[in-house]
Each structure stands twice: as C-alpha cells, then as structure tokens.
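Below are structures written as structure tokens.
The same chain A turns up in both complexes below, where it pairs with chain B and then with chain C.
== the complex of A and B ==
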C-alpha cells in the first residue's frame, strides 16, 4: 500500500518534468498531445540565439560572483559563530537565519531604494550584490549546523604543537571544514542560477536566464521555452554531479597515496 | 635551574568572576605534579595559563627560566594532552604525531625516526597508517601522548586524560603514564578531579578549592596531615569531630572530645580554642564490648550499620550517648563474624593520628 503511494507520489513529482523534457524535443511547435515526432530544432534555435547566450553568460557571471562573495563572508561568519557562546551566539545565529524567511519581494524593493539612494545604477553588479544577500543566510545556516561539531580544541592542539593562528587555520581548520564549505558554496550557486524575484527588481538592462525564460513565455509560447528550462535543469544537475565526482575522486586519490606510503 | 615552572602572583578574573585568586606555585624539574580539585576550583584555568591559552589577569609565568607570560602557546616549550585528545581527523596517526616536527621543518628522515620512536614508547608500533576514527579510546589517548612527547617539551600538560576512558583501562593507563614519565624524564603537570589518580601518580599534589591553593604536598602528607577541613575531607573517608584544644603546658597539648580527653600536641603552634578533629576510620580500634566495664581509654558505642566490602568492613557506630556517629574501618579475617547492628562495642582512638584543625 505504501509502495503504491510512493509510486503515485513520484509520478506526481516527476511527470511535469518528464512532459516538459519530452516536448522540448517536439518536431512541431505544439505543446500538447498528440506527440508528432522528435527534433532538436528548439535547442538549435536556443543556442544560435545571441540573447540566450548573453543571458546564460550573465547568469554564470552572477552565480560565480555572488558565490565567491557569499563563501568568503559566510566562512568568516561561521568561524565567528564557532567561537561565540551562549546568548550572543543564539542571537547571532537567529539574525543569520531570519532573512531566509523574508519575502524576496521585500529584499528586492529595499535594494532598489538603497541603490538609488547611494547612486549605484542597476546592473549586473547590483544583481551580484542582491544574490549575495540572498544566498548568504542559506550558506551560513547550512554550514552552521555542521560546525556545531567542530571542536575548538583542534585549533588549540595545532597551536600547542607550534602552529601560528594562521597556520592552524590553514593546516587544520580549513581541511576539516572544507567539505562543508564546498557543499554550501554549491548550494549558493544553485540558488543564484535560479533566482528570479530579486533579480527582476535590481537588474538594469542585463538579463539572466530565469528572466529570459519569463520574457520568452510572454512573447510566444513555443517549445523553445521547454528547451531553455530543460537546459537549466541539466546545468543544475551537472553542477551537483561534478561536485560529487570531484569529492569522490579526491578521496580516492588520497587513499591511493596512503596505500603507497604504507608499509 | 631546578624548577621547570615558576608561577608568581597568578590570578585570573573574567569580568566580576574570579577563577583564580593569587596563586604562587613552582613545579620542580622532572616531577609529576597534579593539580587536584572539584570542578570550578581553577585547576583547568591554571593549566591553560601555563599552556598559554589564557592570559593571567596578574602575575608572571616563568618556564625553564624564561619569562613566558606574554608568549603565545606556539612559542612555549610546553605540550598538552587534551581531555578529548583533539587528534586531527583528516590526518592519519603518523601525520598527527609528526605534526609538530613538520612545523619545525625537521628533515624527513629525522621525522620518521622520531615518530617511530614515539609510537614505540606508547606501544602503538603498527598503527602508523591508521585513521583516527579507527582508534579505540585508549589507543587515541596514546597517540595524543606520542604527538605531544615527540616534540620533547620541557613540560607535558595532561588535562584529565583518563576521564573519557573505561574504569578498567584507566588503571592500566595510569601505569603507562608512570612508565612513560620514567622513560622520558619530562616534567608532567597532571590535572584531575579524581583523588585516586592523584595519589597513585603524583610526586606532589596541589589541592585547589574555589580558585585558591588549599595545600601542596606528597600523597602521604596530603592524606595524613591535611591542614584545612576541606583537605581533610577531600582525601578518602574521615570523621570530623568538634572539640576543644587546650594547652597543659608550653609543650603539651590536649584535645577535648565528646567521648574523652586525649593528649595531642598540634604541629603548628596552635592556640587554645574550638577545633575540628579529623579521625581516620582505620585508626579507630573496635572490639565487642565484653561486659559493662571497658578497658582503659576505651569508650562505649553501639553499631548502627555494617558494610562488608570484602577487604574491609565499615561500621557506623553511635557514641557519646548517640550524639555522634563514627565510621570505623576494620580488616576482616576469613571466617570471622562481622558485628551486627545493635552490638555494643568498645572503641579506642590513637591520638597521634589525630589531625587538629582550627574551627
């Protein structure tokens, strides 16, 4: 009985994705059944469109820029959180977490007003700033819970053995929290690629991928939209898969090194 | 230079909270010195000040003749075995132990030699390539010891190293630590709240209470000659009896207790007045009362309860008309009967073993 429920649930979850993917390969411009045949024409149209390529590049730039900023700021926050105690820590942790609950609408409007106040014209830069603010609480929250288990005596032990605070961070803290940071960074990339609401408010004339898909829907409903959506899906999955592969390959390489130096 | 560490006027306060009052302490070269006390007594704070993880509010820390008060931990010739070992999980046993030597940029073959020697010292020769997560508690602790000792520190600090271990392993590790101390002739400063560990291991014990030193001495001295009530009650079991101290003449004193007067001359020049007398249970003689008359110097008591522990029997005896309970420890002989509650007994005290503490 439970198994049946699980199948129905999976169907409900994946059916829309399956149908969208199917119709992205449709040989005709129709988005409804009957299915007439396979064709890659919509993908070809997409990649030959300079608008699409520009939007893709912009999304990549914004994702990269905001992730770097979020990772830097987020790592420092996490390190600070590790050293805080009691009430100060709870307050700080809550303040880090609260923006997640904030409607994107508010952040978008607030940023627009802020940028015009300080005279910063809306552009990809403002989008990067917006995305950094947006992904930051997610980054810190995802790192914080794993860091609860980080014992500060690791750093003390390193210093006791002769490491300066910087060396202790580099040789001990960073390798231990590295995987957690990396995972949170990947989350930030995925969130940024997908971000739409704040971007709509703070962008100037530059388009990112989600924005472009929306405008495509406004203009003409055709399987090009499907192709663009499937493309985004594939990119997001690819990021996660590549990250996973890198981790596994790294671990395997380390194990080989161990085996070689062992006697 | 006979002193490894000299602490003068050390105190530590956090805001309004005083963790350590003014403390003066010298640690002799090559001794095992234990900082002992209940939680909150300041022993951990004192140890961290020696290691350099806390800066004292006042006072000076001199290590091996050099003023180290403002030196960061990485520059002090001190190494620490942490309570939870703090072994680096991303490195194997060899790399953990080699960590300090690598920071000092020692040549590779020297590192290999020293690490191997250190692992042999703690009897973990085959464990070089194990991951930290694969070690048992006792093994992890030995790796932590090796990691600290391989750097040949002037002082080794051990922060309650046996706290996380099973009881059975604890005794074994205590002996291991003693052996390692003899083989390396390094000064050990050991921190614990367990009096048994302190007694078994130490050359000298520093008893701390509420941020101050109660008493310093060897295990025997701490047990038989405590100078404060806290010290008397801390080690083993004892009876504390309220009484009065008086002087018969300039060189002879006596103690008035509810169950008799005893000749006892207090060691430090104590004046007459109310006192607390510590009487160890094993110094009280106990015999079944045969008839109404008691032997000379004996006083009457009634057994309230009996605890047969195996190698000893502990009687709780009501004396002085039932106003005081005295714990008496007897060695049972095989086949002898232990006295049942309600039995009348005759007790004798050895006044030489009294410890008289001003009340």
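== the complex of A and C ==
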C-alpha cells in the first residue's frame, strides 16, 4: 500500500518533466497526443538563437563568479564553525542560514534598494552578489554536517611540528575537507544556474537562462521553450549528479579506510 | 592534542572572570572569530544592511523608481487602506495554506516508507534530484500540460471526449496550488525524513507491543516527537508558496494577484519602492502571526510537547 503510494508520488514528481522532454522532440508544434514523430528542430532553433547564446554565457559567468565567492566565504564559515562552541556557534550558524529563511522576493527588493542607495549600477556583478547570498547558506548547510567530524587535532599536530597556519590548512585540512567543499561548490553552480527570483530584481539589461525562459513564456507558447527547459534540466541534473557522486565516493572511500584500520 | 595552545589561554585576572564579564579566550576560539570575519562581513553588508534599509525605506516617500528620506507611516496606511491589499493577502494565504497542508500530508507516508520500510535512500535522492530540476521548468511543464491547448485538453479534444477545453484546469486556484505542491514536495519530504530519522523504530514497536493502534501511534508518538520537523516543513512551504510571485502570474487566473506579485510590481513596473517595502514587512508580520498561530494550535491539541521526549 505505502510502497504503491511512494511509486505514485515519484510518478507525480517526474511525469511533468517527462512530458515536456517528450514534446521538446515533437515534430509538430502541437502539445497533443497521439505523438506525430520525432524531430530536433526545436533544439536547432534554440542553439542558433543569439539570445540563447548570450543568456547562456551570462548564466555561466554568474554561476562561475558566485560559486567562487560562495566557496571562499563558505569555507571560511565552515572552518570557523569547527572552532566555535555554544551560543556563539549557534548565533553564527543562524546568520549563515538566515538569507534563505526569507523568500527570494525579500532579498531581491532589499538588494535593489541597497544597490540604488550606494549608487552601484545593476549589472552581472550585482547578480553575482545576489546569487552568492542565495547559494552561500546552502553551501554552509551542506558542508557543516560533514565537517562536524573533522578532528581539529590533526591541524594542531601539524602546527606543533612547525607548520604555519596556512601550510597546516593546505597540507592537512584541505586534503580532508576538499571533496566535501568540491561537492558543495558544484551544488552552488546548479543553484545559481536556476536562480531567478532574486535575479529578476538585481539584473540590469543582462538576461540569464531562466530569465530568457521566463520572458519567452510571457510572450508565446512555442516548443522552443520546451527545448530550452529540457536543456536547463539536463544541465542542472548533470551537475547535481556529479556533486552527489563526488560526495558519496569520498564517503565510501573514508568508510573503506575506516574499516581497514579497524581490522 | 596541542599542549601549547591549550595551556596558554589569555587569562584575565580572577576578579573579572568570576564576575562573568569575560571568558577566557584561547587561540582556537580567536582563530574561529578571525575565520568568521569575511563571511560575516559579507552577510552584514549584503544581507543585514539591505534588510534594515528595506525597513527604513518603508517609512520614506516615493519618487518614481527612487525615494526621498522621510518618517511617514503613509505607506503602511496606503497598503492597509486599500481593499486590494487584503484581497491579495487572502489569495497568498490560501495558496500558502493549501500548498503547505497538501505537500506535508502527501510527503508524510513517503517519508515513513523511506525511514521505516526501506533501508536505501534511493527514493529520497530521486526526489531531491527532481527538486533541482528548475522551478521555472516545472511551472512551464504544468502550463503545457494543463493549458487550453495543453496536453490534457488537446488530447481529450482529439479523442472527442470533450468538445470545449476544460477551462478550470489552468489559470485557476487549482493549477496554482497543484504546481506549487509539485515544486515543494521534495523539500517537505527532506524535512520530514530528517524528523522521522530521530524517532527510533523501537519507540513505535514499544507502543505497538503495549497495544496501541496505528492511529494512536501516529497521534501519540510520531506527531508529538516529530512536531518540530512537521512545523518547519509546514512553515517553510507556507512562506515560500505564499510569497511566490511567478507561479500565480504564469498559471493563475485574473484573480491571482498575490501580495508577492503586488510587491514585485511595485519594484518592476509601478516604481513605488517605499510602498512595496511596507507591504513586504506587513507580509513578514503576517507570516510570523501564522507561525505563532500554528504553534498555538499544536500546543492546544497537545501535539507539541516541547523538549522532554528528546532528553
């Protein structure tokens, strides 16, 4: 019974995605069964559109920028949280999480007012800042639980043996926490590629991939939107699966090593 | 263990530490603070200050797409004086309520299945992957399924089962809530699974051994013990769905003007930022009231016992 319910649940989650994927390959523009035949014309139309290429480039720039920023800041946060205790730790952890406790709408309009008051014109730079505010909390949350088990005494041992703090981090801490950081960074790329609730407000005249799809949807119904949606879907899901693999493979290896030392 | 670090705390004189004014700060804590400063700086500049500015701006006066400093309650008065604001709030609250209730209810059995019936996380991972398939893509998917020329209508027309497109399918409260539920499900599932993971199967078995029925176990054991994650699942979904401004715009009918959309329009087309800021804070206050109400109801129904079960 409950197993059947779970299958229906998964079907509900994936059916709409499957349907638009199917119709993105439809040879006619109609969204109706029976299916008339396969064609890649909507993808050809999409990839030959210069708007799409511009939006894709912008999305890539923003994702790269916000991921680098998120990874730097998030790693600092994670290292700080490992050293904190009690109330200070919970207050700092809460601050790290706070931006995503509020809806994107609030962040978007607060940033618009802020940028306008400090005289920073809206551009891809402001989009990068907006995205970082959104991806950073996810980064810290996904890294935090895994780093709880990191033993600071490794680092202290390196320091006792004469390593500078930077060297201790580079030679001891980073090799241990690296894969976790990498997994979370890939997650940040995926989140940034999809973000548009904040982007709508903080972008100037630049469009990103989701903004392009949004404006296409406002204008007309065309199977090119199907193709664009499926393209975005494939990109994000590929990114997420890679992130998941990076993180699980690392854990498997750790478990294996632990099992070997135990024997 | 690093002997040097631990034996060299910056000790303050005894009087101070006894008075509790200072705690001893060792190098480890200090380096923690140092490491925390770059992210803290970022959060203060780009999150805290803008949020405070948004509040401050709600008391300013508007010029087109800019503002003039003032100390007026006029924006709040204007928002609260217009019947449109209450209408939009009512629609937003309904969207939020139905989405949160349905997503939590539908995800609960699946969370139960994942935690107690299967040892693999495959279902959870699959659901989470779908969560990352863009929000916008899913809005679009539902529009092409439910639309007047969409998959359901055109297929039914083609088969001759109907001769007019079913217009309640799209641009209605139904289509908005259906889409929002679809978007939120993986998220509520994740929160409920992490809540149930804290309840060992032993408790459920003990209750069953003592003669409790399935319903009793649900009401007297599972819900009280998992109430925190149920509340967070409900509230997060509620807030995200109620403040959403894209799904109602793309899938809602003419009466789908939610508060989120009204606020977004103040910034995108109307250009009255202070009014938008005031509405945003009013919406936040309403969310807090809903949270308080939810906790109150759970306490009154004896379903939120506080900490004692976990200690």
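Going forward, the second predicted complex is superposed on the first by the 237 of 263 C-alpha atoms of A that agree within 3 Å, B and C clash if a C-alpha of one lies under 4 Å from a C-alpha of the other, contacts with A are read in each partner's own complex, and residues count from 1 in each chain.
Criterion: a residue touches a chain if its C-beta (ideal position, glycine included) is under 8 Å from a C-beta of that chain, and two chains touch if they have at least 3 such contacts.
Owing to the predicted nature of the structure, the values given are computational and were not obtained by experimental measurement.
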{"item": "First (chain B), second (chain C), both or neither touched by A:13", "value": "second"}
{"item": "Partner chain(s) touched by A:157 [first = chain B, second = chain C, both, neither]", "value": "both"}
{"item": "First, second, both or neither for A:106, with chain B first and chain C second", "value": "second"}
{"item": "Partner chain(s) touched by A:23 [first = chain B, second = chain C, both, neither]", "value": "second"}
{"item": "Which of chain B and chain C A:173 touches, first, second, both or neither", "value": "neither"}
{"item": "Which partner reaches more residues of chain A (counting touched residues only), chain B or chain C", "value": "C"}
{"item": "First (chain B), second (chain C), both or neither touched by A:217", "value": "second"}
{"item": "Residues of chain A contacting chain B in one complex and chain C in the other", "value": "153, 156-157, 159-160"}
{"item": "Of chain A, residues touching chain B in the complex", "value": "151, 153-154, 156-164, 167, 171-172, 175-176, 258, 261-263"}
{"item": "Chain C contact footprint on chain A (complex, rising order)", "value": "2-3, 5-6, 9-10, 12-14, 16-17, 19-20, 23, 30-34, 72-74, 76-77, 79-85, 92, 95-96, 98-99, 102-103, 105-114, 116-117, 129, 132-133, 136, 152-153, 156-157, 159-160, 165, 190-191, 193-194, 196-197, 200-201, 210, 213-214, 217-218, 221, 225-226, 229-230, 232-233, 236-237, 240-241, 244"}
{"item": "Complex contact set, residues of chain B against chain A", "value": "51, 53, 72-74, 78-80, 82-84, 86-90, 92, 99-100, 103-104, 128-129, 147-148, 151"}
{"item": "Touching residues on chain C, where the partner in the complex is chain A", "value": "1-5, 28-29, 31-40, 42-43, 46-47, 49-51, 53-54, 57, 66-67, 106-107, 109-110, 112-114, 117, 123, 125-127, 129-130, 132-145, 147, 149-151, 154-155, 157-158, 182, 185-186, 239-240, 243-246, 250, 260, 263-264, 267-268, 273, 276-277, 280, 284"}
